[in-house]
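Below, chain A partners chain B and then partners chain C, in two separate complexes.
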Partner chain A sequence: MASAQIRAPARTGWLSKERHREALAGYLFILPTFLGYTTFVVGPILAAIGISLTEYDMLSPARFIGLDNYLAMLSDPRLRTVYINTIFFTVTAVTLNVGIGLILAVLINRRLPAALKYIFRTTYFFPVLVALTYCAIIWQFLFQKDTGVFNYYLSFLGVEPVPWLNNRQWVLPSIIFMDVWKNTGFAMLVFLAGLQNIPSDYYEAAQIDGASPFRLFRHITLPLISPTFFFNMVIFMIGALQVFDSIVVLTQGGPGDASRSLVMYIYEKAFQSFDMGYASAVAITLFVMIMALTLVQFRLGRSWVHYE
Partner chain B sequence: MDEARRRVSRRDFLRLAAAGGGAALLAACGAPQSGGGSASEGGAAAEPAAPATGGGATTLKIFNFGGEADQVIYSAAYDRFKQSHPNVTIEDNFVPVTTWSEYTNKVVAQVAGGQAPDIINIAIEGTRLIVSKGLLMPLDELLTNDPGGKELIDDVAQPLIDAFKVDGKIWQVPHSWNNMVIYYNTKIFEEAGIEPPKPDWTWQDFLTIAKQLTTGSGADQVYGFAIPNFNFGLTPWFLTNDTYQLTADWSDSNLTDPKMLEAITFVHDLIHVHKVAPSVEGANNEALFSSGKVAMSGWGHWPIQGFLASEFRDFDVQFWPRNTKGTSVHGVGGWGIYAESPNKELAWELIKELTSKETIQATAEAGVAIPARRSVAYSEAFLKFPSNSKIFYDSLEDSKPVPSPANFNEFETIFMRHVGEIFAGTVTPEAGLAAAHEELSAAMAKLQG
Partner chain C sequence: MATSSQVGTKRAVERRAASLTLDRALDFLATVALGLGAIFMAMPFVWMFATSLRPMNESFKLPPAWLPTEWHWENYAAVFQSSVPFLAFGLNSVKVTFFVTLGQLITCSMAGFAFARLRFPGRDLLFIVLLASLMVPGQVTIIPVFIIMRHLGLVDSHWALILPGLTSAFGVFLLRQFFLTMPQDLLDAARIDGAGPWKSFWRVALPLAGPSLAALTIITFNNTWNAYFGPLIFLNSWDKMTLPLGITALRGYLGSGSPAVVMAAVTMTVAPVLLVFLLAQRWFIEGITQSGIKG
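Now for the complex of A and B:
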């Protein structure tokens, strides 16, 4: 890029040939990504849209049924439940993951002995590195109502056994509890990177002017890490809307549908009922929702995200 | 081994196939290359069929399930097979089984994706689905006309063969199976001074013992029983009450049967009324049982190896307790041949090796499942532990196969979702079964078309 800018003023015949060559090289560079993206992202999306207009069980030929699958969604009470579950999970898990991640990052970013800093950072980040399925199996053991570890310790405090996983009110909060333990370290690490980019002279200047710690945080830290904040929000939102494995291991969606997520429901319809058409239609609504929410975030972001 | 192969020559095989009306089989196998009789009539095959031996190399693809122990056993069987079929390469695609629904999905998805195997290893839970989709060929002629097939059939209990009968035809050759029996901790029984359960014990006897063995609190809490919380594991409770989740022909829901309600209520009450069983969500029954935290639970033959590996040997097995009927449930695994396979003849030869006494004996010694062959199930190696092991094959006598309609995946999902709510106590057994019945009836009606 730099060389193109330097040469730009003197555009002669052979240079423009060179420009063509550069353009070609540029296209060649993006070709692998372009091919990968069209084959593995755009292609499947188009296929899902096509399949969502059919009745298809994978082995018999697909039958075109127009918008019937979309209409069927309107009168599917289970779909409503899994949508509500997913939205509840997303709002709560994103808020807690990003919020707690930020608090941890700010606490660790203070002037601490290097060793202590290292220990804290590793401790909070560690769960991110452990495979989710192992975590979920261990947490299942912790959560078990009658033989689990949590209730065992709570019993010393005289607390009645908590139905962590077998009660409609408790089950999603329990899963979110594990999710935050597992993932907030990632948000923390991203925030730490953002915080470390803030030049310390800003704080020094403000402190000379007599700014309180809260004002430092509100008027220097927050605006300067807003791009990091934004990044975390988008990444965590997309992840939460697609939550699947942790719930599969912990509760298989139960009791009933009380902890079933949208993606689990799509999986059930596609691979247990072999109703590919309906599953694709539901998947398309999820796709549209994720895209819309991401666009809204980008749009809203303009007013509060400050890029330097 | 060479002899076994020679016993069914290519020509014989085609005759068998023709006699069985296996038109698809002919089309696939009948390449006009050995000039073999009827083969030319069916010569519509695009690909040349591979010869059993000699000339061209053939790859047999297997869609298979199992663990490490099974892989060792199968590769020994493949080695034996290759001695007589040096040009055959065997490509074994091992898929771990978590639930039969998921395994069946994978078979179907793989075939749908154009990656068809020659041999499919699948359990009864998936049989009707893949038969209804035309994935398997019937094996009756091979089993009756081939001496090797006949020898196998004679050594296998009828219920295991019947399990693979759909529309009067046999679609798979059973290799191993499982059932549900009660495991009890002999040490806990001894310490409490309780006699081991009798073969004809009743639900009431069971409950009395479970209550006696539920003791302590906190870290010392021991439960009488851990509920096997899966469709197969719950089925004995229904069968011993002379009922079933589906009607006898597996065409409709039977969940409104008062006997179903009675059985589900009995199990529900173990958690919520008698408090002799821990709640089912997140309970690891194997771990609880082998650490002495529960005195009894139910499994097939599969956890024994794990118990032995963790040096837990204080247990024995007994038939399921009965309410009105002494019986249990069984599920069978078997080999089938893909209907469009170009290598059916070879596939059949390999299946005979995979169900040979040698292979099945090795399976029995690995101990995961119960061997399909009677001679192996009553062999010393299989009976040596636990001491009451003969009840595994004995239980077949009155046993019923796990209900496995073509929409097994859907049936299991619907049933277990509602049972989950009942056991969690969020709905009553009455309301839960009624809701399950409504949903299941609709799913079964869809199946009938």
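Now for the complex of A and C:
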């Protein structure tokens, strides 16, 4: 009796044996993830900040140079070019991917036969799963000026052969064109899931009141899928700012630097010029930009995203 | 009175009929637009397959052949006879993808369970730190990771790709979300039966997590299988390369760069993806929308 009374309060206290065991298990369960993250993510971020303050070519020891790398960025004309390219790519590709994805989802969500829905969904989504490098290899042939499929069919419309990948003006739009073909299916799929969560009686009620399809879209569909819209914007923006694979395969950044992206420039500086300090500094600016834009989107999101 | 309400009803009926006709017309237009778009979406893959079966010297012939009329399967054999170790690329990709996916299934389900269902000091803070790391682009960490791998002598080894891939913040997040929705009664019942944390995880929670584990498998598999940036940085020797890196870097050596042979190689790597997708489409779609919508 007496011993039971003594044991009872101990069992509910924080330091009870069971709680101890549970906490210990908790730490053991997260240990592999914790080790992986400190070694390959948290540690390297701190190291990258440190390296960005040095001159380091991996052969001789790193030399501390303060903010010189960051100052050098201000007077690097190539950096300005790759920044402008990356921002142009991001704004255009995000708008088109998310916009076209939304249109596709709304069309597929209409009352179509189930088999057709399945075929459309599969066809539009499939390129998302194929490695970007393979897509770029295929599209490189399609884009050829004299032997490519696009120019062949355009010639019937009286269009002169377009130098898709060899012309400063055309090269980024061409890469964006392929990017939308490759990725818009992802936005579509996310929108479809969002659309299917809208209860159909909302539409029925509005239709009985005689609302036009366009009003239905504007006043029911858009507000109710705004969280999905927001998710797509953030995901596509983060992805687009890191564009690399497709451009490496299609143009290797050319002609000149006309299609070089920020990540390609980081890669070139780090692994071809072995200027690890400068490359790290540029990478840090990319990190800061992604974080800032994500936070801005979350802030702005509060005013237009409608959660039910 | 009666007539005016009848007129009103009649007008409403007419309006509904008109809106139904408009609706039908829009359904039809949607089908046509989607159909034309779908043809365009499929076109590059159709061209890839048709070109892979053309005679090598006719790869550039116009008009393009959309349906193969001749079946030059020797282009596929040429992929294996070329100096490019295509088969080794495939095995390397299988090896890296297998270890990364298996590793993530283990580490992410354990950490996801702990963050959702076990109480320990500092749990929520650690979880927030982990979530914040989702925003870190891989290009920021790649330089220090490269230096680590160089010190460990793991550059040009598959371990340089496998070790950093063994866990993922995204996977932990996905599994945590699932374990949070699991009924607490089940865990309470297990505890009353004397099950410790490990047993509740292994015997009660994990068997219920099938769909989430399938989603994580598919997403991790696809990301690793298609990865290009990491392999480009860490792998140099031909026989160590994975498929996307090998095919991209060495396509000039495939059948002396003949598009027909390059397309045969690409077709062989894309076909399994298409097959798996058609068989497991439900899991793919659930995995991707689950991570997106509920996230």
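Throughout what follows, the second predicted complex is superposed on the first by the 269 of 308 C-alpha atoms of A that agree within 3 Å, B and C clash if a C-alpha of one lies under 4 Å from a C-alpha of the other, contacts with A are read in each partner's own complex, and residues count from 1 in each chain.
FYI, a contact is a pair of C-beta atoms (placed from the backbone, for glycine too) under 8 Å apart; a residue touches a chain by one contact, two chains touch by 3 or more.
Source: prediction; values computed, not measured.
Enquirer: Would you mind checking whether chain B and chain C clash or fit side by side on chain A after the superposition?
Expert: In the arrangement built by aligning on chain A, the partners chain C and chain B clash.
Enquirer: Looking at chain A, does chain B or chain C touch a larger number of its residues?
Expert: C
Enquirer: Taking the superposition as given, does A:Thr147 touch the first partner, chain B, the second, chain C, both, or neither?
Expert: both
Enquirer: Looking at the overlay, what does A:Ala23 touch: chain B (first), chain C (second), both, or neither?
Expert: second
Enquirer: Now for A:Val82: first (chain B), second (chain C), both, or neither, which partner does it touch?
Expert: Neither partner.
Enquirer: Mind working out whether A:Thr122 is in touch with chain B, chain C, both or neither, as first, second, both or neither?
Expert: Touch status of A:Thr122: second partner only.
Enquirer: Determine, under the contact definition given at the top, whether A:Cys135 touches first (chain B), second (chain C), both, or neither.
Expert: Only chain C is touched by A:Cys135; chain B is not.
Enquirer: A:Leu172 contacts which: chain B (first), chain C (second), both, neither?
Expert: neither
Enquirer: Which partner does A:Met58 contact after superposing on A: first (chain B), second (chain C), both, neither?
Expert: both
Enquirer: Can A:Leu195 be said to touch chain B (first), chain C (second), both, or neither?
Expert: In the superposition, A:Leu195 contacts neither chain B nor chain C.
Enquirer: Kindly classify A:Leu112 by the partners it touches after superposition: chain B alone (first), chain C alone (second), both, or neither?
Expert: second
Enquirer: Which one of 109-117, 199-207 or 343-351 is the stretch of chain B that crashes into chain C?
Expert: The stretch that clashes with chain C is 109-117.
Enquirer: Which chain A residues come up in both lists, the one for chain B and the one for chain C?
Expert: Correct list for chain A: 58, 141, 144, 147, 152, 271.
Enquirer: Along chain B, where are the residues that touch chain A in the complex?
Expert: So the residues of chain B in touch with chain A come to 101-102, 105, 108-109, 111-112, 133, 218-219, 221, 223, 278-284, 288, 293, 407, 409-410, 413, 417-418, 420-421, 423-427, 443.
Enquirer: Enumerate the contact residues on chain A facing chain C in the complex.
Expert: Residues 19, 21-27, 29-30, 32-34, 36-37, 39-45, 47-48, 51, 58, 104, 107-108, 110-112, 116, 119-127, 129-139, 141-142, 144, 147, 149, 152, 181, 185-186, 189-190, 192-194, 197, 207-208, 210, 212-213, 228, 231, 235, 238, 241-242, 244-245, 248-249, 263, 266-267, 270-271, 276, 279-280, 283-284, 286-287, 290-291, 294 of chain A touch chain C in their complex.
Enquirer: In their complex, what parts of chain A are in touch with chain B?
Expert: Answer in residue numbers: 58-60, 140-141, 143-148, 152, 155, 163-168, 250-258, 268, 271-274.
Enquirer: Going by the contact rule at the top, pick out the chain C residues touching chain A in the complex.
Expert: These residues of chain C touch chain A: 12, 15-16, 19, 22-23, 26-27, 30-31, 33-35, 37-38, 40-45, 47-48, 51, 60, 62-64, 106-108, 110-111, 113-115, 118-121, 123, 126, 129-130, 133, 135-148, 150, 163-164, 166-167, 169, 172, 196-198, 201, 222, 225-226, 228-229, 232-233, 243-245, 247-248, 251, 259, 262-263, 266, 269-270, 273-274, 277-278, 281, 284-285, 288-289, 292-293, 295.
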